[in-house]
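There are two complexes below, and they share chain A, which is joined by chain B in the first and by chain C in the second.
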Partner chain A sequence: MALRILHGEFLSHHVGVMHHLLTPERLLSSVAARPALSTLIDGNISSANETSPPKILSPFRTGESDPQNHSESQLGRHYTIPEDIKQTIFKHGGLPKKFDELTHVFTETSIMVRKPFLEIKDYVKKIDFNRPAVRFVLYGETGQGKSMTLAHVVHYGFNAGFLLVHVPWVNSFMRKSKDISPSESKPGMLDVPINAAAWLVHFRAQNQHLLQKLDFKTSKSYQYGPRDTIDAGAPIEELIEFGVGRAKYACDVVEDLLREVKSASNSGLFKTMVVIDGFNGLFSPFMKTLRMKKKVIHQRCTLALPFLEISRFDWCNGVVVLSVDKHAHTDPFNAESALPLYLLGKEGWEHLDPFIPINVEEYNTAETNSALDYYIDRRWIQHPGAQSESGRAELRAMCGGNGLELLKLCAPL
Partner chain B sequence: MSFKFLQRPSFLHNVSCLGFTNCPRVYQFMNYGRFPPSFVEPVYHPDKFNKLNSEEVKELMHKNVKPPTTSQSASVFHDPHLEKLVNFVMKSGRKAKAREIIKEAFEKIKRAQVRKYHLANDSAKLKIPTNPLEIFHQALQNCKPVLTVTPVKRGGVVYKVPVALDDTKATRMAYKWLVETSREHEPRRNHTGVFFSDRLAKELMDASDNTGKTIKKKVELHKLCEANKAYAHYRWGK
Partner chain C sequence: MENCMLRDDKFMDHGFMKREPKNTLAREHFENGKMNSISLLLRSNLRFSSIHNKSVVAYSSQAAKENVTIKKKKPISRAMRAYIDRVKQFEENLIVESKEYSDGKRFLANIMGEDPAHFTPKDVDKSVEYLLPSGLFQKLARPEMAPPEETIEKAKFDINGRPFHFLFYTGASHLYETQFETVKRINRAEKLLEQIHRKGHTPEKENKMDLVTSEWQDISEMEKTINESIRDDHFEQTMQALERLAQHPMSGHFKDFLMNYRKATTVNMTEMVFPEIQQDPDGRYSVQHTTKRKTAVATVTIRSPGEGKFVINGQPGLLYFSDVGAREHVLFPYQVTGLMEKVDTEVTVEGGGFNGQSGAIRYATSLCLAALVDEQGRVKLQLAGLLRRDPRVKERKKFGKAGARRGYTWLKR
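Coming up: the complex of A and B.
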């Protein structure tokens, strides 16, 4: 009897230990359990590739490359963006610079599936698109993954068939504009023609497949110069083409194009996803230019207006995902807080209110372990010390859950 | 990184004001010249400490131990050879900057090599070295000279006499040459965007492959020794 009790105790104790061993955090960090876990959790891979021999994926990866199907089970795992889609949507920017350099080294583009993205995806699926556009604002400290989440959202929007209005980084024209010239249509304001034309190219590249399919035409005729007119009912590509070719009018074209996008969305032709990174840059008081070293007040930059216009809630069939960033702040090195109220300021807050704030938090232990495993797999970490638990613990402690900091720490290892 | 913090002069000042007469046995960032010979070197790394046997530990317990220097860290990623390289790269005491530059060089090595590795097919992958630390150690090993020449005066003539080098001196020369050759550059007006870290990365890669300027320097020294081997006996006697 005593023996049986003892045996039972031993068993229950054993089960307890096993249970402890099988927590996802532990599993992700344990090297031995990797192949077992991949078959354990990632059920949808084997179902997807039934004909081909089952591919054993490491537990830090997921085979699901469509963000529409991402769910809680893929949390903390890396999915790979197909190369052709990356070339379509991120060719003219959209990925943070440090990460873009890494994709060149790794010869693949993999993003970790994280909670903020799943949150946005779930909300977008539940949105009633007959109501005014919903605004999401991502906030969080530098390096915690706001821009990466936005890149994930852009990929989701692309796959879900949204028309994308994507600004990779606001301050590329608000602070470091290539060129400025006085606007003809709006006296007293300044154009950033090269940046505007570049943005039109970006817009065209991201939405080419939709524009070819849709019957998206201009609603009225536009007169830019004495001989430059776009007739009513012309395909919208013609307007974009004109803006790209005649950079002088590019700012006006962006404004008209986004107005057309808004009205077409209102009529239900398509759904639009607006993604703007560093949105608080639109409210910063200066626009510095590189060449002329001039400071210009932001209301006078014509390219800011259409993006302020499209982030309002006076239209439907649209969803707006924005991020506020310390780096986009007026005084980036002395920004005191990463919270939207501070970064947007009074004007920005009044412009955006009401919105859904989404916090991009630092990595938890499982996510840091997943990132470390991924880096070891891609040879970004090669130091033998980093394979040991003490080395991993050191890196985890040093980065403090900050993805960018982890990337920098691992750079010389 | 916290190293920058630790190097702040104000912080140093506070610590050095403590004096060491009444202090516990471990001091921070003091001038090493202050310590009398009774003080022993610290065992700062856990790996080394775990290797000590109980008698050695007992002996250490009753001795005064010098504080670890800023370059002696208990990190898993600590490498004493790398810290030595930092000292050779450093200019006017800016250690944090030197460390940063070396990290950059390592990153550049890694970027180039890892991309090559991922693009190569499976059989070629094994031949591509990707670990920058290993590359550095290999380069250091390859750059060490065996012989050098020393001036010896005989009958009013100064001869270059070949002598054997011990490991410490040879390593020192290897560090010196690696940094020296990396510092050679085009005139600044023709700056091509190639920085010290780029040149160091290239030099390390070359030296690990037994090519490049540093290896050439070593070979030339060996040749000089070979040419002067007739005077080798001047090393001894008068």
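Coming up: the complex of A and C.
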């Protein structure tokens, strides 16, 4: 057996913390070596430094941390999102809650490279951006990795220089809105000011670097209150700043901002990537949660409109990646199917048609093995029985290829 | 040899034992003729004493009056005298009853048109059943005619007023005798072990009894074996002693004794019928079987060789069951036979809850796998208790109760 040493990037981030845990001897004992050693050597790692031995990775890892370079050869392997990028794009949400908790335990944010992502990436590379925006809809059973794929896509969009319009979870404002108040600009509708302001903060955090570089300015002046005016030609940050500071107008600001984004994309200033998780939530009734009781409100939410607007195909230089989820359905526990036609309903289907459906399937055996290896490596699985081949076979069968289920099953091991 | 260790008078003491003992030991005694001769001896002795008491015994008041040749009257307590009177009464009663029985039998034979000389107790039962037909469910409640020796309780004391059994005054004579005999054997086993150790050897494995093929009798079976009702705590004590002997390295020497209190677990495999193996057009072997558990009915088709795929009611994987325990249920037979990820399974299941469904699937799977594996695999399945239908069902609700057993919450009126 050859020594297996973690790639330099990982070590540089986590020297000390994991050093004692990840001695080569421990890795050898914990990870059953499946593929031949030659396949373990990642082509993307350079061995320029002659004094250090060649950098060999565990079979479940890839050193390639840029999703733009991910390809079939990395299929089923985990890549690590650099900590600074994670802080930029996922600070205000975007990773599933259970996974986000684990990133603290694992001291890294690693996502498995899977087929749905590669599919989207290949399509996006081939898209003619002069044509109307293409819509992708991810679908699949709960826990099979739709949100993780979207997180991967967001990272890809960030690295590829897209302006990100990312909604981590639609039902955070369609179901669990913090505050509801009647809209002034749209009589008969309701505002969710705090959620809207929070989303503006998220947008600003994700696109800070791009907004500083670009010459992105308002195309017209906006009048919100008698003394609250944004002049035409003002930097777009000013508009965002205003929305964050004056939450009362945040919903209107979101609408105007996305309209600006659309027109700027049309003019070719930048390319935009829209990522919305739980998109079908926008077509379910607006609800208010009060002391664990949900109350349906027979008025529409103003914050839903701009996201519906930007998911249309009447603009160019944009790509829209959406997911439909049973959990975002009107009746989450009685949702009969995970297919887009059922979850979107008539209204949603007509809104999105035509789109490219992408099925997020369950793990295959290789992917399950990779996930198990990763959990063993991170000491999420410590029980010797679970590390034996019979234990792994049992876990493979028990989880049924569902990543979330595997995570839950391994939690007490 | 072991059988002889039990005291013969044990069976004499079974005065209240109305029928032939079910115990194998006792049956052997019957076959040997020992029991018969002894009991006959006893009976004749009793009769003799009651009829010819003048010359033999000197304790009855009548005898004391008639026989003046005895030098001195032995002092007898009032209780003893009362007992002896009762014994005499019993003997006299027995003679009358016996005459009545033989007269009745002859009468019955005449009614039935049979020869009275060759009219057996079996014929008596038959004719009583014919002449006095009864629809009563309880067999004990139906009319019967039996010889008085069988129906009238016999004495537990001999003619001298001494109990037949040496542990009579313990109140649980046969149970304590079992414990006594067990401890005697434990001591003998210790001695045997010591002899081996003294020679500098270690006991061979064959010296220990095979405990896999048999298991302990439960309390009700034990009661039948020793023909005595047993208290729970007494049963526990006895089992502790027996277990100690069984676990002893030299327990093989006392196999015959121990097997009196054990029952075989393995049934004859040749008698069991397993589902037929068929060959599919694709060259694979398939076995199909339908079983029930509670109200669930499952049809399982197993195809070999396979990759460990599951399809339950059209849903791939085991995630048809959200309950982890139910999934474990389904997997268990594969783990026992070592066919995990080696065969494909297709299941149709309906009725019942998740536990009933998983139980039905497990039973059907076990029978199908038993058809596919060799004799050794079948024994494994059998020992795991998988080749037997689980007869437990939901207990019915009782009136006046919230459920089967639970009472309603008490309310102060």
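Just so we're on the same page, the second predicted complex is superposed on the first by the 353 of 413 C-alpha atoms of A that agree within 3 Å, B and C clash if a C-alpha of one lies under 4 Å from a C-alpha of the other, contacts with A are read in each partner's own complex, and residues count from 1 in each chain.
Criterion: a contact is a pair of C-beta atoms (placed from the backbone, for glycine too) under 8 Å apart; a residue touches a chain by one contact, two chains touch by 3 or more.
Please read these numbers as outputs of a predicted model, since none were measured by experiment.
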Q: Determine, for the superposed arrangement built on chain A, whether chain B and chain C clash or fit.
A: clash
Q) Counting only touches as set out at the top, which of chain B and chain C does A:Ala411 meet: first, second, both, neither? A) first
Q: Please indicate which partner A:His104 is in contact with in the superposed arrangement: first for chain B, second for chain C, both, or neither.
A: first
Q. What is the contact status of A:Ser390 with respect to chain B (first) and chain C (second): first, second, both, or neither?
A. both
Q: Could you say whether A:Asn402 touches chain B, chain C, both of them, or neither, answering first, second, both or neither?
A: second
(Q) Contact-wise, after the overlay, does A:Trp380 reach chain B, chain C, both or neither (first, second, both, neither)? (A) first
Q) Given the touch rule stated above, what does A:Ala232 touch, chain B (first), chain C (second), both, or neither? A) neither
Q: Identify which of chain B and chain C touches the larger number of residues of chain A.
A: B
Q | Segment of chain C intruding into chain B (one of 261-269, 297-305 or 333-341) | A | 261-269
Q. Which chain A residues lie in the overlap of the chain B contact set and the chain C contact set?
A. 390, 394
Q.
For the complex, give me every residue of chain A touching chain B.
A. 101, 104-107, 378-380, 382-383, 385-386, 388, 390-391, 394, 411-413
Q: Using the touch definition up top, name the residues of chain B that touch chain A in the complex.
A: 75-77, 102-104, 106-107, 110-111, 114-115, 117-119, 130-133
Q. Where on chain C is chain A touching in the complex?
A. 308, 310, 316-319, 324, 327-328, 331, 334-335, 340-341
**Q.** Sites on chain A touched by chain C in the complex
**A.** 141, 362, 390, 393-394, 396-398, 400-402, 405, 409
